[in-house]
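In what follows, chain A forms one complex with chain B and a second complex with chain C.
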Partner chain A sequence: MAHQKKNRNVGIIGIGQTKHSSHREDVNQPELIHEAVSLALKDANLTMKDIDCVVHGNMELFEMVHSPDLWHVLGTGAYGKDSIRITTGGTVGATLSCASDNLVASGMYDIVMAIGFEKLQEGHTTGGITNMACPLWFRKIQAGALTGSSAYDVEREFGLERADRASLMYRIIMDKHASLNPNAHRAFGLDFSQIDDLIRTSPKLVGELKLIEMCSQSDGACCVIYACEKKAKELSKIPVWIRDHITVHKEENFTIFGYDRKYPVLKTHKFAAEQLFKRNGINDPLNYFDVFEMYDPATWWAIDWIRDFFNLQGDEHLRLIEEKEIMIGGKMPINPSGGVIGSNPIGATALVRVAEAALQVRGNAGPHQIPTPVNHALASGFGGTMWTVMTMLEKELNW
Partner chain B sequence: MAEYWGVKVEDIFNTMKDRFRPEGAKDVDAVFGYDIAGEGKWKLTVKNNAMTLEKADQLSGCIATMSADGETFVGVNTGKVDATNAFMSGKFKVEGDMGAFGKTGKLFRKFVLAKKEMTTKEYLADMFATIVPRFKAREAEGLEASFGFDLGGPDGGKWTVFIKDKVCTVTETIEGKPTVTLEFNDARDYVDFILGKIDAQSILAAGKASAKGDINMMASKWPILFEKYKDPMAGAVQEQELLVLKKTISLNEKFSTGPIMGKFLKGLKEKKIFANRCPECGRLQLPPREVCAECRVRAGEFVEVGPKGEVRYMDVVYYAMPDPLTGVARETPYGSIFIRLDGCKGNETLPHFIRKDQIEKIQRGWNEKKGTRVRPVWEEKRIGDIWDIKYFEIDE
Partner chain C sequence: MTTKKTAGVEDSYQIEGKMALPYSYFAGRVGSKFITTLRDQKKIMGVKCPACNTVYVPPRQVCDVDFTDIRDAWVELESTGTVKNFTVVRYDDKHLPRKAPFVLALIQLEGAGTPFAHILEECKIEDVRIGMKVEAVFAKETTQTILDIDHFKPAAEKASIHEVNARRKQWVPTDEPAEASTRKGGKPDMSKPVIITAALTGAATMRNQNPSVPYKPEEFAEEAYKCWKAGAAMVHVHAREDGGMATHDHARIKATYDAIKDKCPELIVCLSSAVGMGKTAEQRISQIVYIKPDMASLNTNTMNFGIVDRKTGKIFIDYVFENTFGMLQDFGKVMEENGVKPEIECYDMGGLDNTLMIGKQGIFSDPMNFNFVWGVAGGQQFRTEAFIAMMNALPPKANFTTCGVGMDQYPCIMQSCILGGHMRVGLEDNIRMPNGALAKGSYEQVEVAVNIANCLGRPVATTDEARLIMGLRKR
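Now for the complex of A and B:
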């Protein structure tokens, strides 16, 4: 499906993010949001007067607050403005970005602010995820978002030892990245010398999925400001252009990840990436992109999904990890921010991917900035029963 | 032995007996090991709602053993080190039965840093040392007065507080004739009075103290001239306005099944499992659904499948996830299985649970490889619910 930019180009001109943490008892929800909003406005050198529309989102009822956008107006600054609430599960942050892009590109608004937020310590995350399942029967059987099926798959394909080591290698690379990112929630200071020890001692959660391999529950908020091309050029020295985005949802289904490659289920990451790259004429995404902010809730999914996103063959994806090519300074740096496995305030998480990718393009991400030029960046979101959102960012308007 | 935040590793162990909560030990019958690098090893035995602790040379026979360095161990127990961080990053390890070790969390009250007590002498020294900083010069416009304190008893002493030209000075004697002099038989009563533990009336009525001279100057003017004395020990517990409001909610829910799910659930009541077939792609949906989401056509034809089948995949769940419907953590480990019932193919599987004692025996299917054959175990009284099947068990 052809997908040319609609009426006009859209650029990211402001980015704000809180420190992600499991200890934000010092602020309530609007106050947490306000931190991110203030930082984004400051970053863009704007005030709320300049914002035409606010797009607000988080996980539905994870904090057990109905219509949170009403109460959050104190923090979002949406009072008296057009305001839209979006909630699409784990992908919500990415959907906020897509919606903001669409709202500006359509000509409806010149400047739109997207706010993704979550305060997971205040509600019941496992309960929230379980309640996403069909209330007529599956809720009673499901429990949260944990599964060992991907670990089982990778182990059967590449052997237990290689799989375990790749998983921990990925985890430690993410921790090394998170240690550079002052906003990251978990930065343990892990070292590659701990791989064998952690394989042995990290408690198993489900199947072969170990505690160290799973993301945490974080509190945090992220705010990104989008402007039309004219305004973006006027207001920002370094706008980051949104080239394209794609959303693919799979039918609601219980064999989410599949467990038998002979009967494959639709892999939406692979499907979305193929469509997106094809319609943008990108034949070799691994070479084209300079950074990838990937939604990686667990190491096993991350390993498997690298293969899907870049359409890799055989054990190419494992070698990228084993040869540390996904590290800052490597061939395809993945999650210089430390990724979802480092911080997961769910409603903000997928927006953080876009924000962090944009920071890399701007070249001022901070201590976790990639040292070489970043011209093309990719961000992904994941949620629901295997849903995908992908966003492409560019430094120049020359595609 | 090294100290961390003023606490030794041994302090944590030595207080275990006092902190032990028998009510938290109801279902515990086990020996736990603690291996603190450079400090030693301890064995904790919990049985019959009681505990014993011994230092040990080796930790064999323990159901679970935790190991950490002294700093991490003290830090986690005193709240100075984030326990989750320490645990996830491997600084605080547990080997053996993780689930069993989790129960030690309920065995003890939290370790609280012993508060250092201040003596009467220390209090008096602090009270008079802080008089000048507590003096409010703006309230002393045009005032010239002196306040004598004659405090008896073994810890007592004498002080005079002078105020002149909006300046306050203190001497450790009684000089001249103060405007007013406060006399206490025992300095301890004065300390308690200032700390608000006893009131002036009861001291005066009991004849424990008296005031000589311009009593009004002491009673009315003193409280205006000086900030209230703050107890440094009370200050150790930081007062703040941050609160966390805790709520537990319980809501009633009811959901209409519609005719398709209704047929499936009613089937369970009659020990039958129904799927429905897509007229276009021919796949079976289990449970049945109104349309085939892939072909977007109405799926009408019901097919009875199973009730026996083979396990294609099993997740062994170790993490004690709370069941959001009941708030109770499911007993771990349990086996969450995907069963391909007879009559189904490919990914047409039904998720359910396996009988708890059979987890170890389950073989997962993979491509042509067959998985373990299982059959449903039905509830006596069925109501049209997925739990009309209690669980699946091996079909031998």
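Now for the complex of A and C:
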């Protein structure tokens, strides 16, 4: 893919997140956003006066509000400022980050604020996703998350028992991580001893995909502030540098009801990762990165995607999980935040991946900070039927 | 989902679908308080941004203009407002709150900075106009929504003060010694009209404090006219230069005086004989002789007249306002000789006593007109008992009005109105309304004074009545 060096470097200098939750009756949409914006401004020690441009994003129609960015000005602070709204489905948070990075790198703005938001308690997500769907005429139900086909794949390759156990192992690791993250929505306090029980008792949704393996529906907002190199160095003691990002999508037909070998699904992750690492000269991503914030809507996808992202062979990806190498303290900690399975305010979710990865690089993520130094971090976003966005973060400007 | 033939096209089909769109949303704490106060107290609440003074109705948590957190800055609104725009809904649908046709109007409540949409009923659709006054009709049963205001209806037309005055009998002087004796007992004649004066500028109130302060003659004329329309019988004027400095320039003062008289011939104009800081006695009195206004202020005491931080006591401007016995005597004589009635300014009891003492020369014609001034840094603060003591010290035929600096303004004029005295308001004394908002002009404060008079059942004096009461020359 055509790719050129950035015009100038861009650093993350402010991060704010709400506590993600299924219930936020106490605030309306702009008020929820205002919480994240206020926290990010405080984190960066800035005021709205310092912000040149606001980039707003959420899922189209999920709260049934037309042009929500206009109403949300009450919380975003975008009054009188340049402002852009982005909706790219589940990846929107990651796209916000890419757009903000590009807007600063281009020289257009020195400081850009990205705001991702969702209040899934309001509105009707399925309505938003499926409006006017008709499979006959290729108007697909644009529901990406609910799929049993990956479960079927993993089972077929590794056998039902091993597949089920790996999936639940991943789920419990995410729960343990979420328990450490004060902003996480769901932290049940699960333990590895419950794996067999959960395999047996958790209601099945499609094939082997079980309720416990799915992500949550959350209310939450995330705000990240980007600055050019000069401003980032002036304003922040610990800017986190955005090295590169990549977006790949393939609006392929795939059916959520079952598996069809004719539709080669879910390969954009692999393609995106290969391109990204190749152009940055990274031959062994598993060793290069210190942490990975992965957009993991369900455990089956998560365990399958680890192989795609890191280009692993055979059962390497399953062994990473089984040997708990993806846990905080392991070889490749994945989602110290608890991931999407822990919290999923969709429009914010992919931006939370970037924000959490940046917090790990800064070293002040809180109780879920990984103990070893983080110099290189990776974040991914996922959405639509098959969209991938990947972002690389660095501690030093030395690549 | 069904498929049907596309009308008029033989070989194409049309897919018909249906969507259900269930949704819910949360008003949040701020929005919920708006609904619950509406439901429980039938009060319409908004929030006021302290940074830009915008009053938002319905309320919001953050002022989008300056990003100030205003979630706790509650203010109560009137249930009357103005139609800012409207539309006529002419089709029926089950989601609509009324059977068509009906009017949805954008209504901005009194005191609010933002309008909101609501149903307008109890009037013919063709009679609805932008700018019409409307009032809320609250629902009998709550739905816990904005429909706890069931609808708006045209507000009962409030007659202007001039219409009210035209309908009532003109006031005629009564037996004054009897009036003076009941006044001392705190039982004044409440049927006596109350004169409302608007002090438009003073020497020190600047546009950076309140943008409505007039500087130019035509601005004075406009502001004076608004005050007269609202019920003022008199305006008190310190002329200004274009840049806002108080001036003793005869031509400028005359231009200002004439502009007011041209615009509103019947209005009484009282010029200042203080003019502004640092003016000589000659500068102060010669302009009065030159213009010969209906009335002029006469100051009674040499005193501190500074600017002091009321909270900390820190002195910002240290200034002595010179009004010697000689000046009191000379200014008083000159005014009376030129047919200019003095408005005798008393900043404390001493000033009043000075006047009575020097007045023994027989300088002042009856009735004497006193103004009790409260809250000057150097004078006394407003106190009820001090007010009554000063009132009781007045000569029998004297009139009294009062004014107060800053937040002394409203309590002191109300006190005066209760005791049978008159009222002075205006941006010279106070730039704000009782709720703390900046006054849109002195005329808005005149409206407050008219309200006070209405509450006490006192008629508001016409300019003719005011001339009669204060013993001014006829116009």
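Quick notes on this structure:
Here, the second predicted complex is superposed on the first by the 367 of 399 C-alpha atoms of A that agree within 3 Å, B and C clash if a C-alpha of one lies under 4 Å from a C-alpha of the other, contacts with A are read in each partner's own complex, and residues count from 1 in each chain.
Keep this in mind: a residue touches a chain if its C-beta (ideal position, glycine included) is under 8 Å from a C-beta of that chain, and two chains touch if they have at least 3 such contacts.
These figures come from a predicted structure and were not determined experimentally.
Ranking chain B and chain C by residues of chain A touched puts B first. By the touch criterion defined above, A:79 reaches chain C but does not reach chain B. In the superposed model, A:190 lies in contact with chain B only, and not with chain C. Of the two partner chains, chain C is the only one touched by A:123; chain B is not.
By the touch criterion defined above, A:18 reaches neither chain B nor chain C.
Of the two partner chains placed around the shared chain by superposition, chain B is the only one that A:198 touches, whereas chain C remains out of contact.
By the document's definition of touching, both partners, chain B and chain C, reach A:26.
Once the two complexes are laid over each other on the shared chain, residue contacts for A:64 go to chain B and to chain C alike. Of the two partner chains, neither chain B nor chain C is touched by A:87. Once the two complexes are overlaid on the shared chain, A:100 sits clear of chain B and of chain C alike.
On chain A, the surface patch touched by chain B in one complex and by chain C in the other comprises residues 25-26, 64, 124, 127, 131, 137. The residues of chain A lying in touch with chain C in their complex are 24-31, 34, 47-48, 63-64, 73-75, 77, 79-80, 119, 121-124, 127, 131-132, 134, 137. Contact residues of chain A toward chain B in the complex are 22, 25-26, 64, 124, 126-128, 130-131, 135-144, 146-149, 152, 156, 186, 188-190, 194, 197-198, 201-207, 211-212, 216, 251-255, 258-263, 265. Looking at the complex, you find that chain C touches chain A at residues 1, 15, 17, 19-31, 60-62, 64-65, 67, 69.
The touching residues of chain B, when paired with chain A in their complex, are 84-85, 87-90, 93-95, 98, 242, 244, 247, 249, 253, 255, 257, 261, 265, 287, 293-294, 312-313, 315-319, 321-325, 330, 336, 338, 346-347, 349, 351-353, 364-367, 385-387.
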